[in-house]
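So the structure is just underneath, and the comments pick up after that.
The first chain written gets the first letter, and so on, giving A, B, C, D and E; residue counts start at 1 in each chain.
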Amino acid sequence: MSQERDREVNRERRRFIGAAAGAVAGSAGGAGALAMGALASSAAGDADAAARTDPVTDRHRWGMFVDTSKCADGCTACVDACDQENGLNLQSEPHGDDEAKWQNQRAVWIRKVKLRDQATGHVTNLPLMCQHCEHPPCVDVCPTGASFKRADGIVMVDRHTCIGCRYCMMACPYKARSFIHEQVDQKLTRAPRGMGCVESCNLCAHRLDTGDISTACADACAAENHHAIVFGDLKDPTSPVRQAMAKQTSRQIREDLELNTGVRYAGI
Amino acid sequence: MAKADFEVPVLKQYPEIPEIEPGIMAHASPYKSKEEFQSPLGFPGALVDDWQDQAIDKMGELLGRYRSLRVYLDSCVKCGSCTDKCHYYLGTHDPKNMPVGRQDLMRKVYRRYFTLAGKYFPKLVGAEDFTEEVLADWYSYFHQCSQCRRCSVFCPYGIDTAEISMAAREIMDHIGVGQKYCNEIIGKVYKIGNNLGLPGPALEDTLEGLEEDVYDETGVEVKYPLDKEGAEVLLITPSADFFAEPHVDGLIGYGKVFHEAGLSWTLSSYASEAANFGMFIGSYENMRRVALRIREAAIKLGVKRIVFGECGHAWRVAYSFLNTLAGPWDFLDQRYPIPQHICELTYDLIQRGKLNLDKSRNDDMVLTYHDSCNVSRASRMGDRPGGQFDIPRAIIRASCNNFYDMDEDTIRDRTFCCGGGGGLLTDDLMEVRVKGAQPRVEALNNVIQEKGVTHMAAICAICKSQFTKVLPYYGMDMDQIVSVHQLVSNALVLTGQTTDEDDVEAADEAA
Amino acid sequence: AGSAIVQATGVGDFVVDSSKAAGLENCVEPTEYMRRNHMEVIRHQRDTTVYGGIRSTKHSLAGCVECHVGYDAQHKPVGIDGDGQFCAACHDYAAVKLNCFDCHATVPQGEAWNQVRATEHESLLPGVEEQAD
Amino acid sequence: MSFLSTIYAYLFYFAAFVLVAGLAAKVVQYARAPAPLKIPTTPAPTTRSGVVFRLTREVVFFESLFRGNKWIWIFGWIFHFGLFLVTLRHLRYFIDPVWAPIQFIQPFGIYGGIAMVVGLAGLWARRFLVDRVRYITSLSDHLILALLITIGLSGLAMQFLAHTDVIRVKEFFQGLYVGQVMTLPADPLLLLHLLLVAGLMIIFPYSKLLHMPGLFFSPSRNQVDNPRERRHVAGWARRLEQQQ
Amino acid sequence: MSKRIVYREWLIQPERYWGLLAILAAVIAIGGAAALYMEHEGHWVTGMTNSVVWGLPHVFAVFLIVAASGALNVASIGTVFNKPSYKPLGRLSGLLAAGLLVGGLLVLVLDLGRPDRLLVAMTTYNFSSIFAWNIFLYTGFLAITIGYLWTMAERKGNYLQRPVGIFAFLWRLALTTGTGSIFGFLVGRSAYDTAVLAPMFVVMSFAYGLAIYMLVLMTSFEWDGRPIGPKILKRLKDLLGLFVGAVLYFTLIYHLTNLYGAKHADFESFLLLDGGLYTLMFWGGWVLVGGLLPLGIIYHPRLSKDRNWIATACALVIAGGLAAMYVVIIGSQAFPLEMFPGKTVLAFGAPGDIGGAVAPYTPSLPELLLGIGGVAVAMLIVSVGIRVLQFLPESLSDREMDGLAEPA
């Protein structure tokens, strides 16, 4: 059933994907080969453009730019897309749990935040997910090293070594992380999930690793024609995200903590 | 300090586990028994010709008779837990005095003749033929065991070296290698009725003397009856109580207690001995023969209860074995424990407020208590486990104001033997006795130094004799050892007794 | 079903008949080797994937599942950790706890981006012909 | 079915026979030897259930040993508890389907294996280091320790270094139940492990390993302290009474 | 010859002893069942959420761990600061410390999302994490405490007592500082973002540890009929008074620094004025029950001489300590993260997801049972320890203590 749902999403995707297409053009052959189930051949030189055979490196740092002025009131496309992509919609409320508590217990990787300026009364909308800090407090505090920062800047949880201590959740200033409070029956192959571990947005790492430079949330936002989220390589001056940041001043949430986040916002 | 032709151990503040000094005590063995002492017990008078075969046969017989022996010889894993628990090892440093070392003297023979491994790979499992040297070792070291069972407490399988010593002595007796001291004494019991060979008239004399003493002291006519038929209680007490110090003070105490309780009681000249050395030589038959005298006396005197005086191993035989050896006791009053310990009786009276004890009369003493090993580890008092520790202490606390226990590791079921039990209370084993007393005396010395203890109470005739003899070697006084019932005796204010003040008052009134 | 599978002898005991593996000669490594060391193999793959981002299918757990998963009469895949199914049959027999499937999908479902979705995604890219769904 | 498998199959039949028959013979011998006198080491329980409680404490905690010597206790207990866990874990080779508690115990069995080896190492060390224990140690004491430690190490090596085909091992032993010789994986570690285990089974009824049944038959531990209340007379003692 | 201190096993009646063990075992079993339930169902059965991620178990665990460190203080005073009259108290202090620590750690471990991965926690470390260091600090503490006990009990090791004692003392400070720092390093959270937290934890540990120690000491002596002289009792309660006073002092400093750092003023007003339950817990529990009342008893001319009142003071300190931990750990999680200064949060994710508002948290029964189970574990360890080993001096009467005060 969920496979069918995947397909539907894909069909929708075709309408909008053009924008990102350029970035992945070089990978087409490789991706195709992979789809046939053959072994990945080493994509010479730039491994990013195909399923990789070499470990990720720090030649890239993935990040996002969010233009809050484009983020529409009432829209939740990015949240829904992330839920679909990462199987979060497959979570089910445990029988007997309190509804309000459940909202606070279920895993959320990205959330829609709505703010009002106390001085001007101006209302701002923005998507909030893991900020992929360069100096992530969650990684600093994790006792086992399960929280880690990949060489390409993605902060993730190795759920094979996470012991579920939740210290990272205490440390994260953005409330970006979720603990899996309940047993998970349904899961996707690309997004394993189980009780007792902590997880958060991983910038759709499975996409990046297989050669696609896109995230579900950014795609979805673009599909809705809002284009509030721009994803890309923060180290590459030609990347869309850098170009967008060059046009507008952007800030980090809680800049005072000097975490050098990978997700930047304009208009807050 | 008494003179010794051997080195008396030094007392330390903290106990130390010595390094082993193999063979250092091989020379110390008791005088061998002679024909005249052997035959009354049914043993050959001298080493028989085919002693080896006979010994092995006897061993086989005992293995079939005693599960303890069988299991103990198989089960030891040489863990070493018992190695530093025997007071003879601690005092002599001879590894064959480590309980397991002692057992191994028999175990190696057992393995050689009774196990597959020992038959075919003797070297591998340390099995050995029963040679003359081995027999010599047996004779020395199985007579350096007071059968105190301290090792058994700490052994994970409860292996009781006392059982093995007893079996070894039994085997040796059967091939004509007996110990003079024990066997002579058992002979005396058979002939006269007690260990010391005191004939009836002598006992009567002593008891009359006691009655006079007590009357002089208290002005109350306390009776010490002998062979009184129809008495309620038959008191069986070690013969040492009739004349040795401090034993006799205990006997005085029993009499006063009976008097206060209003119990009619008697001693028996036929069964005038509580001790049963049959146990020491591991001879069921002899032990039974001695025990049956009590049965006969009880029937003859028509008593309703049997009470035992202060004697450790006697109480073991009485408490644990008497019912087996000389029972059933269906002709006695079943409302009372059969047999009963004098401490149980006294304690009961104290509980019921029947004794008027003036603790201050013992204020010249600061006391500690020596748990005699046979009482603590092989018998019980009262109706709950551990009563043998609590009841005597309760009696002491009820009779005096100053009481301190010695170190916990050296009392209750971990108590150290006085060093003279198990048939070693003979002058030919003086070295063993003095050295073996070291751990106990060390603990005693500590409370003397720290708590100002002056006296040690005990409820065992052997302990009392041993300490009076051994304490001087350590620079202490022989009269620092007292009977528990001596304390009771001191503190007990008899009904109608004239105290010093009373005397004055009485004189005033008379005037 | 478990016991029937379990009683057989020889290599390939546990391979479920309806699985893709049933028709193949060998596992991803020599089968004898896999019988003894598959846990090391996937454990190594796990770290490579999580930390290095390498998602090759050769040793991947998703790969194991895809090849070894059995199908029922309706050609629906049956959870690989189900009774008598490949992983479970063997692990139950040997009483080895398998908690991978607390998290991992037991049937191929929503594979990684490359395996199902990339096919469609790719068709959107310039110069690639659209493929049928 | 290889030659080696056949040899091992017969070896295990033989070892199992020796173990069971030898142990049974010993237990019968112990059970039939009378205990004529009451000799429990006091303070002993005065009831049967008290005795069960006491023996349980001895078996589970090694209470007496604890009071006797803390070092021996620590190592001895670690070893035995480890051995116990390992044994439970090993049941998976011998029962099918595996009972739930045995399934549950599996991961602990591995720690048990490590603990067992650590305990044995400590026990062995003291046989060299403590002069009193050195004195009472004979060659066989060393050999048994060596045997157990080698079994443990070869097992751990299979767990951590060179895996064996556990499934075949189980099939082999399952086959033995029905008289069928299945192929045993020819991994050297496994063969060593099993060879030594067979050795252990064979010597069990003839060595100090008898301490295991011995504990339960030890009169100073298993008797009820009630001689005054109940007359206790052994068979031969009664005959002696009747003779007179 | 210096005077020996004679220690004895706890010799209370077997019925009483086994009864106590049975009760403790039952409590532990219930706690274990609660933990099993939580692990089996998942944490949704607790009151914890993605906002309040550490609940009641952490309150108990941190309290026990902190108290463990403080309990060892008594031994330190004896050996490190060479106060002879504290020497006989040392062994119990070590045992209690070990017991409390084990109890606390057990609760901590059983509250993990994946306690089955304990081995992972023990073998893979991230050394930039205070928590990882704490694992070393805790296990190290246990090892050192056991070693320390050994030096106190085994005469061959006596000469090491002082160096090991000093080492243990320093380790202990590190441990409490480390525990405090678990919170102190959470820069994102206003409540914790202050350096005073670490020293405050140190004095808290002294107070709680001593209070528990005194209760255990008095109870075990009472049951066994052993004497405690008024002198030693006065010493201990005066020390308790000092520590409780210090806790109050640091509490004041803590709030002053928070108020001074203007950005935390919101949090302060939450805690001190309008935090509802948390405000109540702070004033009523932390300050009044845990501070002022016990101080009142301890310095009261008459009550301070009565054993029962001293015990009451100890109990109050413990109760106050739990309240303090509740405020520190849960109160500060309930208070929302401040991400957008100058802005009001209108919505934060799906309805019901707490962002700008105070997060609700109601402790659930299993959490409480787990926490109490941890306390019972600590008490079980202590009861068994003093029963089978010689931890308790046979007497602490004044006569006994006077002998010790003389220079050795």
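As a working rule, a contact is a pair of C-beta atoms (placed from the backbone, for glycine too) under 8 Å apart; a residue touches a chain by one contact, two chains touch by 3 or more.
Each chain and its UniProt protein: A = 4Fe-4S ferredoxin; B = Reductase; D = Nitrate reductase; E = Molybdopterin oxidoreductase.
On a predicted model such as this, the values are computed, not experimentally measured, just so you know.
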Output for shared partners of chain D (Nitrate reductase) and chain E (Molybdopterin oxidoreductase) reads B
Between chain B (Reductase) and chain C, the fewest touch steps amount to 2
Outermost chain relative to chain D (Nitrate reductase), judged by CA means, is A
Outermost chain relative to chain E (Molybdopterin oxidoreductase), judged by CA means, is B
When C-D and B-D are ranked by contacting C-beta pairs, first comes B-D
Rounded to the nearest Å, the gap between Cα centres of chain A (4Fe-4S ferredoxin) and chain B (Reductase) is 86
Taking each chain's mean CA coordinate, chain B (Reductase) and chain E (Molybdopterin oxidoreductase) are separated, in whole Å, by 53
Expressed in whole Å, how far the mean CA point of chain A (4Fe-4S ferredoxin) lies from that of chain D (Nitrate reductase) is 57
The distance between the C-alpha centres of chain A (4Fe-4S ferredoxin) and chain E (Molybdopterin oxidoreductase), rounded to whole Å, is 41
Where chain B (Reductase) touches two or more other chains at once, the residues are 385-386
Shared-interface residues of chain E (Molybdopterin oxidoreductase) (touching two or more other chains) are 116
Residues of chain C that touch two or more other chains sit at none
Within their complex, chain E (Molybdopterin oxidoreductase) touches chain A (4Fe-4S ferredoxin) through residues 39, 41-44, 47-51, 53-54, 112-115, 117-118, 120-121, 124-126, 128-132, 134-135, 182, 185-189, 333, 337, 339-340, 342-355, 359-360
Given the complex, residues on chain A (4Fe-4S ferredoxin) that touch chain C span 2-3, 6-7, 10-11, 13-14, 17-18, 21, 24-25, 28, 31-32, 34-35, 37, 39-40, 51-56, 87, 148, 150, 152, 156, 158-160, 184, 187-195, 197, 204-212
So, in the complex, the side of chain B (Reductase) touching chain E (Molybdopterin oxidoreductase) is made of residues 13-14, 385-386, 405, 407-408, 446, 449-450
The chain D (Nitrate reductase) residues in contact with chain C across the complex are 92, 96-98, 102-103, 106-107, 163-167, 170-171, 182-183
In the complex, chain E (Molybdopterin oxidoreductase) touches chain B (Reductase) at residues 1, 3-4, 6-9, 14, 155, 390, 394
